[in-house]
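Next come two complexes, and both contain chain A; in the first it sits with chain B, in the second with chain C.
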Partner chain A sequence: MKRTLLALFLALLVLPFVYLPLLSLAGNWRYPRLLPEGLSSANWQLALTSGSGVGSSLWLSVLLSAGVAFTVTIGGFVLGKMVAAHTQRTRFQAIAYLPFAFSPVIYAYCLQFFFLKADLSGSILGVVVAQVLLLLPFGVLFFSSHWDERLHAMEQLTRTLGGSRRDAWRRVLIPVSQPALLTAFFQSFLLSWFDYGLTSVIGLGQVPTLSVLVWQFIGEANPYFAAIGSCLLVFPPVILLFINKKIVFRKTV
Partner chain B sequence: MWQTVFSSQHLNRFGLAVFLALTLLPLVAGLSYALAYSLGLAGALTSGFTLTYWALVLCASETWYSLALSVGIAATVVVVSTILAMSVVLAWGSWLDNGMPGYLMYLPLAIPPLTAAFLTFQWLGKSGLLARTGVFAGLISDLEHAPELINDPWHVGILVTLTALTAPFFSVLFLQYRRAENLPQLMQVAQTLGASAMQTVWRVAVPVLLRRALPNLGLSGIFLFGAYEAPLLLGRQSPRMISVLIAQKFRKFNISDVPQAYVLTLLYAGAVGLAAWWIFRKMKQK
Partner chain C sequence: MFLEVQHISKSFSGVPVLCELSFSLVSGHTLAVLGRSGCGKTTLLKIIAGLLDADSGSVSMDGQPVDSLPPQARGAVYLYQEPLLFPHLTVFENVAFGLRLRRESEFNIREQTLRMLEDLELGDHAGKMPNALSGGQRQRVAFGRALIINPSVLLLDEPFGNLDVETRASMQQLFKKIATEYRITAVFVTHDLKESVLMGNELAFLENGQLQVFDGLDAFIRDPRTGMQEEIDFWKSL
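Coming up: the complex of A and B.
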């Protein structure tokens, strides 16, 4: 009984990952049918070859999220070290929580005036800057708990043994921190990849990331294209997860 | 403390200034502009100091309904998700710790809120999979008799979506705490000492997991309070969750709504700041 319930529970977890591809491949799946009338790749071909923008959105999202994740990881790594070492560490961490705790869409409206003045609204650069501002506190929080006494002792030892500050970073701190750097990169990549609210406000609808495109398809009552966009949104993180669960989600808490 | 020594030797003031400039400054600048706008001191409607917009927002029942709805939904989702996640971990913890079930537990974390809302729309809508299954099973005769589960007065669609997103995260959290706190061993000791199965759950497992998870549950509550995509797609026009209300006030063509949107933003910021401060104080005490 317990095992049957567990199997049902696990099936429920997998259901979205079966339903979305099925819907994206469905030629016609209207009421009252429980299953689609037939499956074909026609929707995918249409979405990827017509002017729907799915292909370009995918690449835009990949590059945008990778750029944001890279900046947040490096920035968080360096600034997190300074925060971790400070006597007012707890206060700085509390400060870092504030923007991160804000709803991205409301944060975007708070920033909108300045982005308009700086001529960053409606541009990819503007969305990147806004996402970095939103996610950098996450990076700092992540790394401020990574920079611990052990890491500090390693740095001190390198310096005591004659290594320069650069040697300490290049040969000790970065190699030792590699798993944490990867985790932070993947997590900030996912946060950027999933964002809709901030991107839609700062991008003024002119930066068609995958999430913006999916919203557009839902609004156009086109569930098949919305399912294609959703597949492209959910499967890359699933692949990352299966490549290494521990790297992607190791420090979610 | 090494931090003290380290900071006095290596404190990089420039770095900390950059940190504050990139984290606190945008927020403070945004909220200051919001305050100035809401008081008639900045923006397109500059008319000199006025409290009109504040009075309008504070006297509107819409504001308080929206805040109460957001708090209610966030609290309900946190409580229901905690119960679900705790049940899952206590019932199947040993099976979910390793192997394929362990991997599958992480799957829902790969679903963004927008996709989750879309799935709920497809499944719980009037002609969705649930209604079709009901018709197929003979439970309902036609769509007219299908229950309203999205854009509904009880916000079922929003609650289901947010719970479906939150409960798996809590489950993963509790699984990690279960390992970290050696919970199976603790429960075994309690039972060896004569505790019943129920006592072991209520007096050992639940307090151990809850005490460890409380700050994260609180932070999740803050995130849920500002949820946007699910209520935008699945909610009613009135009352709306606070994020949706603010966004719609900003997006309206009526420019006189913008100062009110800024007032609501400041109210939201005050609520989030207060909640974050309280949670952080609790964390510090621990």
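Coming up: the complex of A and C.
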């Protein structure tokens, strides 16, 4: 019984990674057939060469998420240090939780008025700013617990050993924090990568990230292109997870 | 006098921690400061190191006021209870850290670091990472990292507090040896009575923000606040 449940659980985990590539390669797969009639790369060729926008959406998503993750990681690292050292630390941390009280879509609707006024709606920059506003508190919360007494003591020790503030950051704080920086980058990349609600509302449908495009294909009842978009949406984070795990574990063991 | 601390006061949120505290220390001597936890020992060391600003008073080293100097320009190394070795650097690189900050030549760094490692009996561990060392070895690396830059003053904040009894005793011996060898001027704070007597050429007691520096061991024993006479009586009564 226990083994069956475990096998079922594993099958559920693996299913999307088998089903999505299969669907994307299927020429014709209709009910009640259990498997597609044939497999070919025709859908992929069509999606990547025609004006479906899959290729450009992939690059847009990669650049947008990397930019957001980079800003959130660096901003969270620096602001987290300030919060950790502040006498009102607990109050700041409580405030930083506020954006997570809403869903991203509600948060986006709250921001939309200001974004329209600032002429940021419907632009890539607007989506980047909105995602950073949503995710920066996550970065601050993540790093405010990272900046503990020990790290502070290492910074002070570096100063008394003859190092400037810059030396302390460059030679100690950043190298020691590398696993945490990588984890924060990876997590904020993922949050940005899979975001649909905030991007749709602030982007007004004019910022076609992969997640937006997949929803569009689903709406158009185009399961094969939706599967291709989903494959591209799922596999890069899996690769990133693998790399991140390898690096983080190498650094901490 | 090499180190002179004059009328230092410091409060946190209106609570006074140090009040008009003064003392001076001859070059090459170790002042052992005995005090209970939370009596302001760490605050005193951090003010001397430049890591905290005093509300009033001044600190001079070798006749020069250092109050306006940043920590890296004072030449006072602050050693914590924990060795705080940099986990991303090998033992060799941890010890060489201060020399690299000073942009010494590669030849000098190698020569001085290897000599220091030999002095501290750590020659065989140069390539190891800190997590592969024992508690005593880590503390020795921390000492080497501080000593290699030839600091004007060494500020030790209960550096052996986390070590077991045996390692603590051997580290106390090692400190005595290198303090004499390198002619170190040091302020050694501890809450351990025996350790204060073992480590200091000069003895002081910190309580209620006031520092009492004693005129020799007899005066230290006679002062009932130190608890030294009580300790002696206890051992005699056994």
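Basically, the second predicted complex is superposed on the first by the 237 of 253 C-alpha atoms of A that agree within 3 Å, B and C clash if a C-alpha of one lies under 4 Å from a C-alpha of the other, contacts with A are read in each partner's own complex, and residues count from 1 in each chain.
Note that contacts are C-beta pairs under 8 Å (C-beta built on N, C-alpha and C of every residue); 3 or more make two chains touch, one makes a residue touch a chain.
No experiment lies behind these values; they were computed from the predicted model shown.
Undergrad: Under the stated touch criterion, which partner chain does A:P175 make contact with: chain B (first), chain C (second), both, or neither?
TA: second
Undergrad: Kindly classify A:L241 by the partners it touches after superposition: chain B alone (first), chain C alone (second), both, or neither?
TA: Touch partner of A:L241: chain B, not chain C.
Undergrad: Looking at A:L46 after the superposition, I want to know if it touches chain B, chain C, both of them or none. Which is it: first, second, both, neither?
TA: Neither chain B nor chain C is touched by A:L46.
Undergrad: Touch test for A:L6: chain B only (first), chain C only (second), both, or neither?
TA: The answer is first: A:L6 touches chain B but not chain C.
Undergrad: Per the contact definition in the header, classify A:M154: touching chain B only (first), chain C only (second), both, or neither.
TA: A:M154 sits against chain C, while chain B stays out of touch.
Undergrad: Under the stated touch criterion, which partner chain does A:L111 make contact with: chain B (first), chain C (second), both, or neither?
TA: Once the two structures are laid over each other on A, A:L111 reaches chain B alone.
Undergrad: Contact-wise, after the overlay, does A:A66 reach chain B, chain C, both or neither (first, second, both, neither)?
TA: It touches nothing on chain B or chain C.
Undergrad: Common interface residues of chain A with chain B and chain C?
TA: 153
Undergrad: Can you name the residues of chain B that touch chain A in the complex?
TA: On the chain B side, the touching residues are 2-4, 6-7, 10-12, 15-16, 18-20, 22-24, 26-27, 29-31, 33-34, 43, 88, 91-92, 95, 101-115, 118-119, 121-123, 127, 129, 131-133, 135-136, 143, 168-169, 172-173, 176, 216, 219, 222-223, 225-229, 233, 243, 246-247, 250, 261, 265, 268-269, 272-273, 276-277, 280, 284.
Undergrad: Would you tell me which residues of chain C are touching chain A in their complex?
TA: Those residues of chain C that touch chain A are 46, 49-51, 70-72, 74-80, 82, 84, 86-88, 97-98, 100-102, 145-146, 149, 155.
Undergrad: Which of the residues in chain A end up touching chain B in this complex?
TA: Residues in contact with chain B: 2, 5-6, 9-10, 13-14, 16-17, 19-20, 23, 30-34, 75, 78-79, 82-87, 89-90, 92-99, 101-107, 109-114, 132-133, 136-137, 140, 149, 152-153, 190, 193-194, 196-197, 201, 211, 214-215, 218, 223, 226-227, 230, 233-234, 237-238, 241-242, 245, 249, 252-253.
Undergrad: Can you tell me which positions in chain A touch chain C when the two form their complex?
TA: 150, 153-154, 156-164, 167, 171-172, 175-176, 178, 251
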